[in-house]
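Should a chain be cited, it is by its letter among A, B, C and D, assigned in written order, with residues numbered from 1 in that chain.
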Amino acid sequence: MNGRLNVAVIGAGYWGPNLARNLRASRECNLAAICDLDIDRARRVADAVGGAPVTADLQSVLADPLIDAVAVATPARTHHAIVMAALDAGKHVMVEKPLADTQERGAEMVRRAAERGLVLMADHTYCYTPAVLKMRDLVASGELGDILFVDSVRINLGLIQPDVDVFWDLAPHDLSIMDFVLPGGLQATSVSAHGSDPLNTGKSCIGYLAMPLECGAMAHVHVNWLSPTKIRRMVIGGTRRTLVWDDLNPQQRLSVYDRGVDIAAVSKATAPDRRAANISYRLGDTWAPALEEREALSAVVSEFAASVREKRASRTSGAAGLRVLSVLDAAAGSLAAFGAPHPLAQPRRTEAEVAA
Amino acid sequence: MNGRLNVAVIGAGYWGPNLARNLRASRECNLAAICDLDIDRARRVADAVGGAPVTADLQSVLADPLIDAVAVATPARTHHAIVMAALDAGKHVMVEKPLADTQERGAEMVRRAAERGLVLMADHTYCYTPAVLKMRDLVASGELGDILFVDSVRINLGLIQPDVDVFWDLAPHDLSIMDFVLPGGLQATSVSAHGSDPLNTGKSCIGYLAMPLECGAMAHVHVNWLSPTKIRRMVIGGTRRTLVWDDLNPQQRLSVYDRGVDIAAVSKATAPDRRAANISYRLGDTWAPALEEREALSAVVSEFAASVREKRASRTSGAAGLRVLSVLDAAAGSLAAFGAPHPLAQPRRTEAEVAA
Amino acid sequence: MNGRLNVAVIGAGYWGPNLARNLRASRECNLAAICDLDIDRARRVADAVGGAPVTADLQSVLADPLIDAVAVATPARTHHAIVMAALDAGKHVMVEKPLADTQERGAEMVRRAAERGLVLMADHTYCYTPAVLKMRDLVASGELGDILFVDSVRINLGLIQPDVDVFWDLAPHDLSIMDFVLPGGLQATSVSAHGSDPLNTGKSCIGYLAMPLECGAMAHVHVNWLSPTKIRRMVIGGTRRTLVWDDLNPQQRLSVYDRGVDIAAVSKATAPDRRAANISYRLGDTWAPALEEREALSAVVSEFAASVREKRASRTSGAAGLRVLSVLDAAAGSLAAFGAPHPLAQPRRTEAEVAA
Amino acid sequence: MNGRLNVAVIGAGYWGPNLARNLRASRECNLAAICDLDIDRARRVADAVGGAPVTADLQSVLADPLIDAVAVATPARTHHAIVMAALDAGKHVMVEKPLADTQERGAEMVRRAAERGLVLMADHTYCYTPAVLKMRDLVASGELGDILFVDSVRINLGLIQPDVDVFWDLAPHDLSIMDFVLPGGLQATSVSAHGSDPLNTGKSCIGYLAMPLECGAMAHVHVNWLSPTKIRRMVIGGTRRTLVWDDLNPQQRLSVYDRGVDIAAVSKATAPDRRAANISYRLGDTWAPALEEREALSAVVSEFAASVREKRASRTSGAAGLRVLSVLDAAAGSLAAFGAPHPLAQPRRTEAEVAA
């Protein structure tokens, strides 16, 4: 051992190769093994990164005392079993989104990690892109003022997934970003979900989520597998500035607009009618901060290593993954009630999270 | 009289001057008078079009036997009284959107016009733009196949209206276009409305409408007064093609995408599991039909004259305006129920409409 | 007379109605007459602005002692005769671009105005748009640093003019803007013009101008009547910042990029080889200044009135118009020499101009 | 040996790894060796593709009878020596653009390959992108009609190269594409080059090329290392249609516009004045053909293998590379003459090329 974190990748499908490549390139981690039931697949991934031990046997990975941690990139329905076993074996864990396939299972994973004093990190990759990190900074610094609304659109002609609907496939991106960027995390008070399955595939292919937030703002997500054009765009409106993130415009991903509506504070005594409030419009400059071009997953790997080393919660901890699950669960409840709002009691950010 | 339709403009505020200008330029109409309580305002509008009789007295207009019709461009809350009086005076009527300020009043107007055998036309101006006319043709001809979804976004930094919320201000555009373009009109089975008033203005400044349609498709509208950027974009997804209307891209307002998901028809016997259905993806060409650049309001005026002359319903008749009102009313009901879906029984297109 | 400048519009074709409308709306001018050989055309323009005296007789306009000035919007080949007559009659003159149809005639007009102590203003309308005024300010304030290059593209499917080629039709816009924005005016040392007439219309329909400037920068213009898409874009590169003006993007017409190449100053002694110079790259923020939406021609009219009142050169004086003509004349010389560079000795900005 | 073409990669710098990766993935080629003076660099490239023989000794590669061909990705100034040696050793050769650092050396390479009966292919990678292949098809099929003009812009904040100017660095892309797409190849009759070095780097950082073509059309190229924004756009105007290739718009890279100017054919007898010709405008539909997303370099490798197997010229043969060099050489001549047009006698496409 060389002071680096020894990490095994579990799952060599779509995302595993990216994890393996970034672990291999990391100075803080050591790619200790690649594990997949399909040993040939594991071997191909190992070859592509210049070689690494491979195995089809998860137990041998968990039993290996030289392995400190696992990065799990298997289908969501298998997360709970694998992660619980890994935690019980004393391994730190990073899990691909979504954290689990139900809120209940996710909650159990978070509790177990806490009991064992182990790091459980959600691999919310987008949160580590230069654009989203900048968004978080802008919100935290008060640059936008109070948040008024968040609107996210993520649509594309997408692969219809065999086992999950469009909410579970795409919305975790939007929800985890909102959770990361908003000062108190994603504190929805209810969720109204509207889904549509016009091709009769057995699951929603088009989805809308409306979520009043505790702070009084409205959050909304539109996800869609049937759009012929691709849009990945989030707007965060604030009292002072409004931010637009257009992820498909590499020349100007982030724009901060000093444009908006100002309502002069008027005392109730002098102006009992809110309509009399003095409304004015700002039409100020636009500013597009420079962003480095950097692969987010390398920052994910760094954060995982740092949170283990510093014995602290990750910036996208299991608790964050759990808040995403609770929204998805509430959305399923709303869908079952034909779109009626489903109440939600989001746990506040933990002290450990705030400190991260 | 010269065979032209003699039309008086009622209301010389924001929209009246446009009506006056187009009536003046029309070969089928004659601008017979401009009527406004503020006679100076009426006079300014008359001057700008090279002169026309002006009056502040609506009764004198309605009493004038040489006047065949009125075009009403007053605030929505006054539509009912003015239109009922005009119909009772035997005048054909064209009304600015929305038709009335409640569905009930709108219904009364529609009934009265029918009883009197007079034309009642909704001035749904957007429906007469070359882009929307083309959209209607494409849908009607089966070019898109069956409709799967309709998604409309109309956001901008907009004037916060003193008397109406963002739904009543902006959504009539989207709803009237959907009603015009969809084969059976806008046949929503329920409406879920999510509004937000983060600036505490006393009314929704951000709004979302989710509307399952009778045909099985989902319609959705996003209207917003607080967006720093301007978007006017409607997507109509079909089984064969998907259409995107981007009204702010004059170089390519309309794009028809031969891209989508194909699901092979599989009999229940051989494939009881819908998931086993054979899914494939089309990634075909895009086609952008040429559109003339023409002012929609001149076509509105022509249609009004033609429907009077031919004693037929207008292409955007009172019944169409009424369907828009019924959605807005249902939206208000949903808003009052914190976003719960509000059921809706839309009347079918009348025979007179279908013939138009 | 009411202290306003009494201005007659000469020419009621394409541009004259705009002049008439803005003169009528101005507080500093009085629309004194509209003169056109086609008296009916003059009358239609007068009607559209609420009435004005009309005449087909230029001499009567020039003889009228109550008329202080004329705004000339006739074909370019008639400018010289009309303007000389107006100056000789003691009238101040504003002329549509181009100032004249040859440099020689333009020079005579400029001399005559100077001799008579009258204002001769070039109606370089673009220079009075909020975007171009801002560009001038940014350059003047040193925000961009030293100017390195100017590249302008103005292409569209355009009307093929009967009497002028694409250089004379479109390039005056680009050249007058460059002249207005660059600190010393457009000081080209030579012009290379490359034209093409692939449809055999008898004149260039596609044109390129390359102009080394005295300051060491390169200016380039691309004008084209045969492009199916429309582009109006000017880039001004500086040592500190680079500015992009995209006139067809109303949401962000002007962008100022803090991006570029920095070359460390190295003394010749220590680094005789320029290749050894220390090159680094800046990838800073982008900034899009807010611009009002305002009609440029009203500012043109104001400037005309102000320069007469203050007895000073206009910001776009006859001398500016003359510099544009001298480039167009040199371009014609280069075209005749199959693109060989045609030398040019641009007069410096006059003191009167600098003071404007 | 397994029937595949055994290819050694010469040069493991910027482009070599891409060649190695695509040769390794090819079914028609075998990656036989990687050769670089810096053996460590060669080894790293070999590792990244799963291993391959490496050497620092070019002679041993050329002497190896099992090696059929070499792919050269070394600096341009070394191409001539390496390629001549390879041809003399009986190897087929593919060379990164530009073919050589002067036209004369390139011509010698082409002659030698012909004498030896070996394939000499220019790796004009862009020509094998789906977009450019489609462009070639559209032109060849007559879809565009006769070509009227070609305008290419390739600008970006680019690395200032130590040994070549912006013409030699970037224009080979535009020129090789034009040569590939135009029916007779790039048949310029002269070249006017305008360069600018405003930062005093010792070479042009901004460049313009104007090239009248034999067919009567005008070709123009704008290359620029100092632009803060990135544009890669080529327009090919024809009498029937005009094509726009916007390589940075993945959603619609290629647009074919049925827009343009039509000039009715008029006999000289009836209309001696060309101005009297009957001009009309087409404003038809736009069509964006679907394009696969595929790596061009894999098609390059296939074409190399196919041309060797079929003993024929490559679609981008040495002769094509030579035509690019002749334009660059002429451009250097024009630059030295301050932009005066430099005449050029382009050899016609060879029969072997036409057959390819």
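Everything that follows uses one rule, which is that contacts are C-beta pairs under 8 Å (C-beta built on N, C-alpha and C of every residue); 3 or more make two chains touch, one makes a residue touch a chain.
Since this is a predicted model, take the numbers as computed values, not measurements.
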Which of A-B and A-C has more C-beta pairs touching across its chains: A-B
Greatest separation from chain B - chain, by CA centre: D
Inter-chain centre distance, chain A versus chain D - centres from mean C-alpha coordinates, in Å: 43
Mean-CA-position distance for chain B and chain A (Å): 39
Computed distance of Cα centres, chain C from chain A, in Å: 53
Per-residue overlap in chain A, given as positions that touch at least 2 other chains: 229, 255, 259, 283, 286
Chain contact topology (line, ring, star, complete or other): complete
Chain C-facing residues of chain D, complex: 148-149, 151, 157, 160, 162, 190, 192, 194-196, 198-202, 205-206, 208, 210, 212, 216-218, 220, 222, 224-229, 235, 237, 239, 242, 244, 257, 259-261, 263, 274-275, 277, 279, 281, 283, 338-341
Sites on chain A touched by chain D in the complex: 47-48, 50, 229-230, 251
Interfacial residue positions of chain D with respect to chain B in the complex: 252, 258-259, 283-290
